[in-house]
Each structure stands twice: as C-alpha cells, then as structure tokens.
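Next come two complexes built around chain A: one with chain B, the other with chain C.
Coming up: the complex of A and B.
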C-alpha cells in the first residue's frame, strides 16, 4: 500500500480573480448618504438654491448693477417699480416772479360775497419742475387760496390739498410740490385775506415729466450741455424696483442691505456656534463638577438681556453718533447667544462618551484628542449643522429688528431691517418701500429654516437609507 | 340659524346706531370734543413753556390784552392802556372776575410776574419780563422781587416802568407768563398749585372742571367771565390724549373728535376720504444751526458758505418735506412778521445764495486751505422724529454728493438733543424757533451773543449792535432798518442755514366755525368757536 501521491499535473491553475462575487450596495460615507437624502428633499434643495442665489445677489449683484445706493434722485421720489421713462429737457429752474398788480389798493371793507375767479390759466408749459397758474383779479377779494386735487372735485369741500395762499396783489401761484406726470385739478378760491369765499374756479393741468439740462448733466444722463437741446427728451435713470423716499434706487439699496444682513446672519452664528461647540464639548467630555459649573454659567448667560448688552457694548466701544452699530451687535450676539449650542453639544457629547466604540477605542490606547477629533466631533456634526442653519435666520432677524428700532446701521448705509423701518412709515401710499426688504427678509429666513429642516432629516443617522 | 341671524341683526343695528350717533360736535348743547397731543406738562402759567400747556391755558386764563382772530390786539382784562417810552399803564376792567367770583386786580398781575421772576421759581421764560425795570436783577437774585417795576397803583390800575423803551411791550402782555395769579390762592395751594383741576383759579373764557391725568380733561364755559355773552361753546371735551397722527385721523374719521392735524402720510388718507383739508403756517422757522465755537470746523466761514450754495430750500420744501403748507426757508425772519407798513419780508427781501456747485467748490477749497487739509466728518444732530431724520438724511446725501463732505447723523430725543445743543456737542443741528409774541424781536435777538438759545454761540458784534438798536428804539423805521441789516449780516456770515417755515395741514369738522389758528398764543383757539346746525 502506498499513499496516494498526487501529481502536479492533476491540478489546474485557476485564473486569478480580483474578487469574489459581491452582493452589497455601494458604500456610502455618512456625508454622501446625507447628501443623497437631502437631494430627495425638494424643499431643502429649493431653499439651498435660493441661498446660493442670495449669495450671488449680494456678492456679484453690485458688480452688475453699479448704482450708488446712497445717491438721491429727487426727481423720482417714492417711485414704484416701472419701465424706463423719458423726460423733457428744460431750462434750469428759475423762481417765477409771478403776476402782481402794481398800485394795489386792498378793499376798504370785507365784502359779503365775491364772484369766482375768471381766466384761470396755466402759464407756459406745465412740467413736473413747475406748474404756473394765473388768474384775473377778483373785485373785493384780498387774497387767494390755491388747491390741488388728483381727481375732479365734487364740491367746495373737496378741493384737495391746500397748496398755498397769495396776497391780494398776487394773481399767480407756482406749484412745485412733488409733481408727477398726471392730471391735476387746480382750484382758485378768493379770500378776504383770512376767510374764504365759497366760490372757486377749476383748471385741469397735466404736467410733463421734465428734468433740467444741468441736472441731466450732473446725473450723467448726457455727456455735455450741448448734447441735447431744450425740448428734447432724455431717458432718465431706470429704477427696476422703484425708489425710496429720497429717490434712492431700491435695487442697489437691497444689494447693499443684503451685505449687512447676511454678514451678521452668517458671521455671527459661525462665531457663536464655534464658541458653543468648544464650551459644550469641554463640559460634556470632562463632566462631573466642572460640567455642572460650566452649565450653570451658561444658564446665567441665557438670563442676560440682549438689548441691554447691545446698548452697553455700543457705549463701551465708543461707537459715536451716526456710526454703525454692526460690530457691537456682532459681539453682543457672540457673547450672549452661544449657550444654546453649548447645551446641545454637551448633551450629545455626554451621550457619545458612553458609547461602546469609545470605550473600545480607549482600551486600544486612543488618546483624548484622537477620541475627540475622530469620534466625538464628527458624531455631533449633524446637530451642529442644524443649529447653525437655524441660527442664521435668527441672527438675520435680530439684525433686522435692531436696525428697525434704530440700533443697527447708521444712515445712509441700508440694511433690510432699517429699510423696513423706513418703508413702514409710507406703507399705505408707497407699499413697495416696505414690500421688497420685507420680502427679502422673509425669503432668506424661510430658506434657511427649510434647509435646516432638510438637514435635520438628512443628517439623522437613524434615518440612514437602507435601499 | 335664525337665532344667529337675529343676534347678528341686533348687533348690526347697534353698530350702525353707534356710528350714526357718534359725533364730536353737539349743536343743542354747543359742545365739541377734541384731542390734544400730550398731557399738559405744566399748568402753572409762570412756568409753562410748551405748546400744549399754552393751548389749554389760553382757554382758561386771560392776560391784560389778547389777540383777535386776525391777530390784532384787543382788550383783555385791561380795558385800555397808555404807553410811553418809559411807562405802560393798564386800566383793568371792574367786571373781570376769578372763577370763584372775586375780582381780578392789578395785584394779581404784579404777584404773578414777581413769582415768575423769583430765582426759586426757575421759570424758563423769565427773560420775557426783562423789558420791565429791575426784572433781570430780580431774576439774577440781585434784588428782592418787590423792587419790580410793575406796581398796582390801586386795584384796577397797573403801572409798569420799563427798563428801556420797548415798542412791543403791550404785545408781550398777551403771553402766558404774563397771566395773573392770585396770591392767597397760590399760597394756600403751595406745591399743589396747578396740579389738578381744582388747584387752579381761572379768569378766562373757560374753567377746567375735570382733569384725569394722561386720559382726558374737560373745559366748560366760565359763568364769571366778563365777556361770557360772546362765548357760544358750553364745553370743550378733550377726550383723547395721543400724539399718534394716524390714531387721531382714525378718531376723526369715526366721528370722535372734531379736529386733527395731518402729516405727510395721513393727508393722503384724508384726501381719499374727501375731507376738507385746511392749511396753516405756524410761524415757526426751521434751520440748520452751525456750531461757531472756535474748535469746530463749522466755525469756518468758507465751509458754511459752501453749504449755503448747494442747499436749495425749494427742493427741501417741495421734494423732501413734500407736505403742503411749508414755505421756503430764506431767512430766520418768517414772512408773517410785520415791517414798517407791509410785511417785513416784502420790505426787506431776504438775500438768497444762488445755487451753484462750482461756487460752492471754490468756497470749499478755500475752507480746506484754511483748515489745513481734509475736513473731518461733520456731526449733524437731529431729533428722533421721522421728518427730522429724513431731513438729516437728505442733508447727508446733499453734502456727500455735491461737496464730498462726510456727514454723520446723530439722532437724539428732544430732551437729549437740547442737552447736546447746550453743551455744544455738535457741528450742525436741525433746530427750530417758534414766536412768543407778535414782533420781529421774537426772532431778532435769537442769534445775539448773549442769548442762551443761540446754541452755536454765534458772535458778531455788528449784529449785536443792530439788535440793541432794534430793542431800544420805538421808531418802526429805525427798528426795521436795523433788522433788515441784521438779516443781511446773518446771510453774509452764513450764520445759520434757513430750511423752511413750517406749515401744517389739518381737518376740522364742517359744523364747527370760528376756530382760530394762531401764530402767537393758544393754537388752535376754540374760544370763539361755535357749532352750527
């Protein structure tokens, strides 16, 4: 009997195979997985796009729309959004001497009644620079009141705005009061120098939109005074989102305001969330009496009134009158808003610290800093990001509120909050001055909130996709 | 369902009934209901300084003389008066009574004036007595109060010795601070004088019967008033105290009050509701006051001249304020002041700078040379009202765009602004001045070096001299010539930058007639108002 002696020829070499058959889904890191799930959340993605658009609006917008946000255009005050307009070029405005009677004798006594003024007429071309109204003398009257209405008066009580009064020897009035290119109903009422006689004569005037040649040059609408003739038309400055109460371009102001609002909205949360992470991380990781001490201090900070500190910082920093309060606002936010993040992070760290894998790592000889960097911080990242996205709208809102009450930016620097503050005064007559900044605040805050919601879901490791 | 409908109908009827009944005027009882802007801060006539107190006091008290509806002087407690360069003698009417039935005597005036002048009273308006002999020394504590040059010769004759000839002395006596106070009543009340409705004695057309602090007050016709037959209104109910113009317009629309002032926003609502809008020029002048203290850059004439040449009051009034009624600010002397025969400003037209950026730049270059280089940011102090901050922003934009000057806006509350003005903590300040009496001097001495209201400490001896001439002369021509020259000096020095003369617009219930708007004195004045059917 001999043992079986295998021959090498009996064996055949198998071809080298890279790997065996694998039945597995593609390996995704935590972040990749989160991103996959975030992409499925439409609201979050729309929000993210809005935020990217806002960033473009803020950073690139001013390069494309190069209008000085502080430049006043008093020809176009409180204009709603409109298409570009053209205006008549006129001579520089000269005050009108008007029509006066020489050797005027005031009536000896107050007449009981007088006839209505006759021959009420507009002198010269009525433009938005000036409307000149003249009339003939009314016997017995010792003065005239001039009214203006935007619709046809129905009665003596409905003459509209009392523009002014003239003495008895003045038979004309020059109206320059924020004129627009529309129909105006002027009424002339004779007076005895104080009281009105209940008669009036009415005149409809439609002034043409006009700009003086000097102003057109000053504003850069024409290259030289000779470039246009009096009576020509020029296209005046275009304000796509309208203008504010001093004729400043709303779009340029919104872009400028976005810088302030988003600066506070992003820098402040980044800073205070960072403070919160470090503080909460320490407290949670070290634990014990130290933790108790740190957390009681955090409670104390929560109790401090924000507004009061904001004011104190403003004074302590020697922020003089008319200077921006943005830096004290930033400091006050950072110093007072970190406890919320600190608490969250601490809770998370306390929990993770007790996990099995931490214990295992420690047994394998991992040092503290390795544990913190490798295991604890990455595992708290989800919470931190979510806090951050919710902190951004809160900070934007705080800035808006503080600027609204006048504690924030100094004029003429706009911020969305201060623009709302100015716009609210003219809410009924010029709603666009409030609407646009309010819209931007709302959209930004909403976008960050929805993104935060999406991130909460995406970063929750319990929700990791199984498909 | 039916029940609900019934209830709803009841509610609806009640609601409609309520609005139909609500009326701020009552023809049968001749009463009107109005609102005031704030609680009267000081009802002691010797100490009152503000407009609201002046308005209420003007209905409750009467001075020696008063103004009629066209702003002319008419007899008040004094039946007639005589005036020389040295003396004014007032003959008081015998039927002028206090609300408790005792006669108003010359002693009551002497006592009131002495009280206001005593340093212990610390009346901010004590300076208004200074034309009276020894008044200033008494106010400084150098002489006892009984040395005042106002003496009751008997119960009904008051003789006032003047420190210097004062052309406008009679007009002064219509002012609040000159109202009488009865000594025995004043002393019996002590510190509580004028604190409540029954802590005051009245000698005017109305008496205050009810004063709920910060809520309402009620004035009814004074049965002891000597001229009560001329008074038609039985009561003025001040049911609302609010400074909010929108709230007041809502009250007016709802038929709760008979009068309210409108502002740049509310007037558009009033227009669309087809209310009759009226206009009135308050007589106050608003201007930018420069700080002339030597350490400030605004003490440089060329810098001020530069600003003067780019500021266009017409644009300010028509495009920035954009509320009808305001007039271009061309001078610190408003248009309504009387001159020799006509209005002062028609006789002495205000010099105006021609708007020119080029000229302004030349001035600015000179200013830079004199100040040695760049001009530091200027601080513009403004009060915290929406209009004031808007004007501040306009000035800021103007000076930046036209002159390249950096301006910082310092927004402060009224009190804080006054404190900063007094301490000189500003470069420019948005200031205003309202008249106290109907004479050019109420504006004339405003910029005099000795006037504490000259907060920028402007000092020009030539101007001071002209003010002295106008103060000490009784000849209208001499006085007005001096003021005309003073106007020119203020312009040449660009001492202040006049911005606008304040105008206001308001609505008044159509059934109320005879309400008087005044430049000087209680405004609006309901004394001779009546309700028509």
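Coming up: the complex of A and C.
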C-alpha cells in the first residue's frame, strides 16, 4: 500500500480573499450617510421637490408664460381664475327705441291688485354691451320698475338693484349698467305710476361677453378690422389665475414676485450666514479676550429691536426713484441677522478645537489654515446647512412682512408680500388676489421648514444609520 | 443673586445706549431732514425752526444733547405732530401695544404648553397628528394672512347673528382684544407647541421619571409634578425672545385691526423722518425688550432651582 502522493494537478487554485473576516457594508462618508437618511424621510424629499419646482417656476416660468406682469388691462380688472374665454364680436352700441304701445290709455280706475307681468323675455342677444328686457302689458298697471340681482331673489324685498322705472306705455327696459358675463336675475314689478304692487316676475339672463371690432383691434386680439365678422367669436386675453385690481395677470406677477421673494429669501441668508461663519469662526478660533469682545458686540446687535431696525435701515440705505428697494432690504437683513449664525459657529468651533483629531493633526505639523479648511469648517457644515435652511423662511417672512406694511419692495415691482398687501384690501370681493400670493409664501416656507427638519435629523451624527 | 441682577442691569444699560447710538446713526443716514415735509418756507423761517429743534448744531452736539435729555427721561417734542411730546405718544399708545402683546403671550403660552403636552401624551395618535399638522400650518402661514382670515371670520360671525357680536376692528373693550391677540399669538403658539412636545418626550426617558414610577406614584402625579414641570423649562427660556418678537410683530395686527398701538406711529415717523419720535420709540422698545429678557432670565432661576445665577 502506497502512501497517498498528492499531485499538483489535483489541486484547484482558489481566489484569494483577504478580507473574508470583514462583515460590513461599504463605508459611507458623512454626507453620503446623511443623504441616505434624508432619502428615507418622505416629507423632506417632497419638500425638496417642491423647492425644485419653485425654482423652475421662477426661472423657466417667465419663458413659457410670456405675459408682461406690469401690463394693465382695465377691461379685465379683478377677474377670478378662469378657463380661456371668448367674446362675441358686436357692432358698436346703438340706442334701442324699445317697445311702446301706440294709443296707450292709462287705467281709468286705481286697481287694488294686478297680476304679475307675463312673457318677460330678453330681446335679441343679451351681451355685456346691453341686456334688453321686454314684457307684456299688465292690465291695470301704469308703469313698471325693473330690478336686477346677482343671486336668486328670496322675497319681494330682495329684488336687488333698482335699475329704473318705465311709464305705462313702455314695455321694455335696456340695461347697460356695468354688465359682466354672469347670471343676472331681472325682476319686473308693475306700479300704479308711483307705488309698487307686490307681485313680480323674474327672468334669468346670462349676458355674453361682447367686444366691438375697434376694441378688439385696439387690444391686439385681431390683426385687422376685416379679420372677423359681426357674430364671430374672438378669444380674449387668458388669465389662468385671474387678474389683480389693475387687470394685471396674476400668474405673471406671481412669477415676477417669486423672483424678488426667493432672491431675498435665498441670497440674504447665504450672505449673512457667510458673515456669521467668518465672524464666529474668528472669535472661536482665536478665543480669549478677542472672543469675548466680538461676542459682546454680537449680543448688542441681537438686542436691537429687529423690525424697527429693519425699517430704519431699509430707509437709511435709501431707495432712489425707480429703484425697487431690494438691495437696501438685503443689506438690512445681513446687518441684523448675522449674530445668530456667528454664535452658533463660534460654539461649534470652540468645541471642535478641543477634539482629539485636531490635536493629532497639530502634532503632525498641520498649519492653522489647513486645520480650519480641512477639519473645522467641514465639521461645522452640517449645523450651518441646517441654519441656512431655516433662515430662508425667516427671510421670506421678513420680506413679506415689510412689503405688507408698505415698507418693503417699492411698486410696481411685485413681491409676494406686496401682492398680499394689495390683495387684502379686496379680500371680501376678490379673495383670489390674496389667496395665491399667500399660498405661495406658505408653501415655500413650509417646504423649507420641513426640509430643515429632515436635514437636522439626517445630519445628526447620533442618529447615523446602523442598517 | 443681587450681584448677578446688578451685572445684568448694567449690561442692559450699555445695550440701550448701543441701541440709541445705532438708531441715531441710521436715522441721520437717511437723506433729508424732518423739516422737508413742510411746505416751502423762507430761509429765515427755516433757520428759526432749525434753531428751535436744535438742528442747526453739529450732529455730534445733537447726539450729546439727545443723550443727556434721554437720561432725564425726556425724548423731546414731535416734529410732525405739533406740540405733542414723544413721552406722551409713548404713554398713550404703548399700553395698547403692551396689552395686545401680553394677551398674545398668554394665549401662546397656555395653548403651547397645553397642546404640546397633549401631543406628547397621545404620541403618534390622532390628536398628535392633527395638532402637529396645525402647528406646521401655524409656522408656515404669515401672520397677516391669519389677521385677514380672523377678521373675515368675525365678519361672518357678525353677519350670521345680524348684529356686532365681536367688533371687527378698533380698540376699547375686551371683545376688541380677543381676535387680534389670538392671531398675534398663533405663530408663537405653534413654536411653543413644537418645543413643548419634544421637551416632554425627552423628559419621559429621564431617570427621575423611572424612579417616580418605581416609588409607585400615581400617573397623574408623575405627569404634573415631574414630567410637566421639567418639560416646561425650555419653553420659559424662549419666552423672553418671543415676547420681543410678539411686541414688535404686533405692527401688522395693529394695522389690519386698526388698533391705535405704537407700531403705527413708528412707521409714520420713519416715513416722515420725525427724528424725535423715531429715537423715542426705538429706545423705549429696545429698553423694554432688554428688560424683559433680564426679567425672564431671573425668573428662570426661581422656577428652576438647579440654575444658579452667577
């Protein structure tokens, strides 16, 4: 029996695996890890998408919706949001002789009661140019009163606006009183020439939006007078979100206003956070007396009554004629808001300065600027990013607030705040003028707040993911 | 304790001086002067006016005159409201703003503590979800929108009843104060609710709560004596700065509800460059805020005996 003689051919070469003992997922940097955790936070990701959409709205929106935000259209003032509308092309207005009875005999005796008018009808096409109402004679009546209401009358006392009175022989009325394309409830009340009988007949009329050819040409809706015939329809200017009190397009103004509001909301925090980083970084890094002095000054600035000084500084840095006042507001914000960041960064720097790795780096001969750039700043970035996210809503609010009390962006430049200021005056009759800018402010602030919450959680190293 | 208070007061005085100086400098940066608002006057009259108000002296002299008058508690006479002392303007209108602010803080603090505690108790259940949704809404909607909506609500209530149940605007009775102060306190209430909630949730895990449970204390006693009392401390800390935010934030609410507070006078004064009124209101407000923060800090020492003031 021979011993087993192994042969080289009998062996198979295995792949070498020198890290077989390590059971770990690929290592993630601080930022990758934070991103992984942020992605799990649905609210934060939705907010991030909203912010991206807002940026698109602001930057690309005006390219797609090329309507001049400053263009006033007094024909369409305070229009609610609507689908594209068309108008009926009509002849220029000509008077209507109406329907009268020849050989009219006034009633011989006073009648105690009369029946309600019959056959109340609209003559011709009812347009916003004129609505012509006609009715049949009521026996015993010697005159008629015409009323108009915007909703259905509930009782005799609720007939609405008295338009006019006619004599007994006139059986028609022409209404030309600021007509809009909406439902009108006309009521005809017979009278004895002076007093009303308590009966009425009502008629619902929806006038069509009318436009003459000259008007259409003037407003640039058609190229030449021959382009349309009487009775054709032309499409009038489309305002998807309605118009404001001067007939300016709300959508275009919201886009333009977004530029102002978001510019201030993003640039101001960037600037003052930068100032805060430099100031706080210096104070924290140098430390000692210098630190105490710098921080004492920061405390003074914090003590300034914020809004009073916002207003004062904004005026002090001046708005010349024709300027919008954005830059003064930016300067005022930076001057008043930096101390919070400075304090935060100083605290962080003081803490990080004592860490072991700083000591180690220093022992290895690292220079000051290397320590600051490589170790201290990257380690404060998380806190700074969170501050920045929360600073945006604060700046947007401040801008809106100042513009609301009339100390902000100067007209005609729109900002969301100044649009709210204009909208609040017509809040009861045209709520959309307040609603849309307020909605945009709220959504923006909400998105930044939720993103800030998400970032705080994601960047908190205590909560680094273990899975 | 006494030393601490004195130290804080001294720092406060320096802060007020800083505020006054900053206001003075910023104000004199604005082009023009208060007399420009008047109709064109002859140079002689203008010179007389300047002499009367001391505008003919160099700016530094004006500054020292102002400072010494301020130390005597005299802010001078308004430029635009004839013969009305700035002190009188403050005395007449500050109490209005202050009442509004105090009521707003009251609403905000009680609401914030109550709702915050509620959300913590019903964590991740229906009340928590609903309240936290409202809180996010409260933080994200600007105060002037709340003011407008509040007014709209009053209009609807009044038209429903057919007579003025709660006045829509103006000032005078407790009914006038209700809606403006509620609206003013709303944002702060939202902030405090959030703070209170996280603070409550943190406290639940503390050792002393476990100890209390182990001792066999009743849940209500633990809740009120241990959890609530400890959780309320961070809320009190932010109350100082929040008082500041609310009293100046009252501008908009005063505007919307037509309340004769100090804010309106300040905005008017800045627009007309009424030097004395600007100085008076800003310094007064600044001093008030500084004082409030000191008071809150000292009170904090009483409420939380662990905090030693030094």
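As a convention for this text, the second predicted complex is superposed on the first by the 309 of 467 C-alpha atoms of A that agree within 3 Å, B and C clash if a C-alpha of one lies under 4 Å from a C-alpha of the other, contacts with A are read in each partner's own complex, and residues count from 1 in each chain.
One rule holds in what follows: a contact is a pair of C-beta atoms (placed from the backbone, for glycine too) under 8 Å apart; a residue touches a chain by one contact, two chains touch by 3 or more.
These numbers were taken from a predicted model, which means no experiment stands behind them.
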item: First (chain B), second (chain C), both or neither touched by A:374; value: neither
item: First, second, both or neither for A:315, with chain B first and chain C second; value: second
item: Touched partner set for A:149, first chain B, second chain C, both or neither; value: first
item: Which of chain B and chain C A:304 touches, first, second, both or neither; value: second
item: First, second, both or neither for A:428, with chain B first and chain C second; value: both
item: First, second, both or neither for A:400, with chain B first and chain C second; value: second
item: Chain B versus chain C as contact partner of A:446, first or second or both or neither; value: second
item: Chain B versus chain C as contact partner of A:182, first or second or both or neither; value: neither
item: Overlap of the chain B and chain C footprints on chain A, listed as residue numbers; value: 406, 428
item: Of chain C, residues touching chain A in the complex; value: 14-15, 18-19, 22-23, 26-27, 29-31, 136-137, 139-145, 148, 152, 155, 244-245, 248-249, 251-252, 255-256, 266-267, 270-271, 278, 281-282, 285-286, 289-290, 293
item: Chain A-facing residues of chain B, complex; value: 69-70, 265, 267-269, 271, 274-279, 314-315, 317-320, 322, 324-325, 327, 357, 377, 379-381, 384, 386, 389-390, 392-394, 396-398, 400-401, 407-412, 505, 510
item: Residue ranges of chain A touching chain C (in the complex, touch as defined); value: 299-300, 303-309, 311-313, 315-318, 393, 397, 400-401, 404-407, 417, 420, 424, 427-428, 434, 438, 441-443, 445-446, 449-450
item: Chain A residues within the chain B interface of the complex; value: 70-72, 74, 77, 93, 95, 145, 148-150, 154, 157-165, 176-178, 193-194, 218, 245-246, 248, 320-323, 406, 410-412, 425-426, 428-429
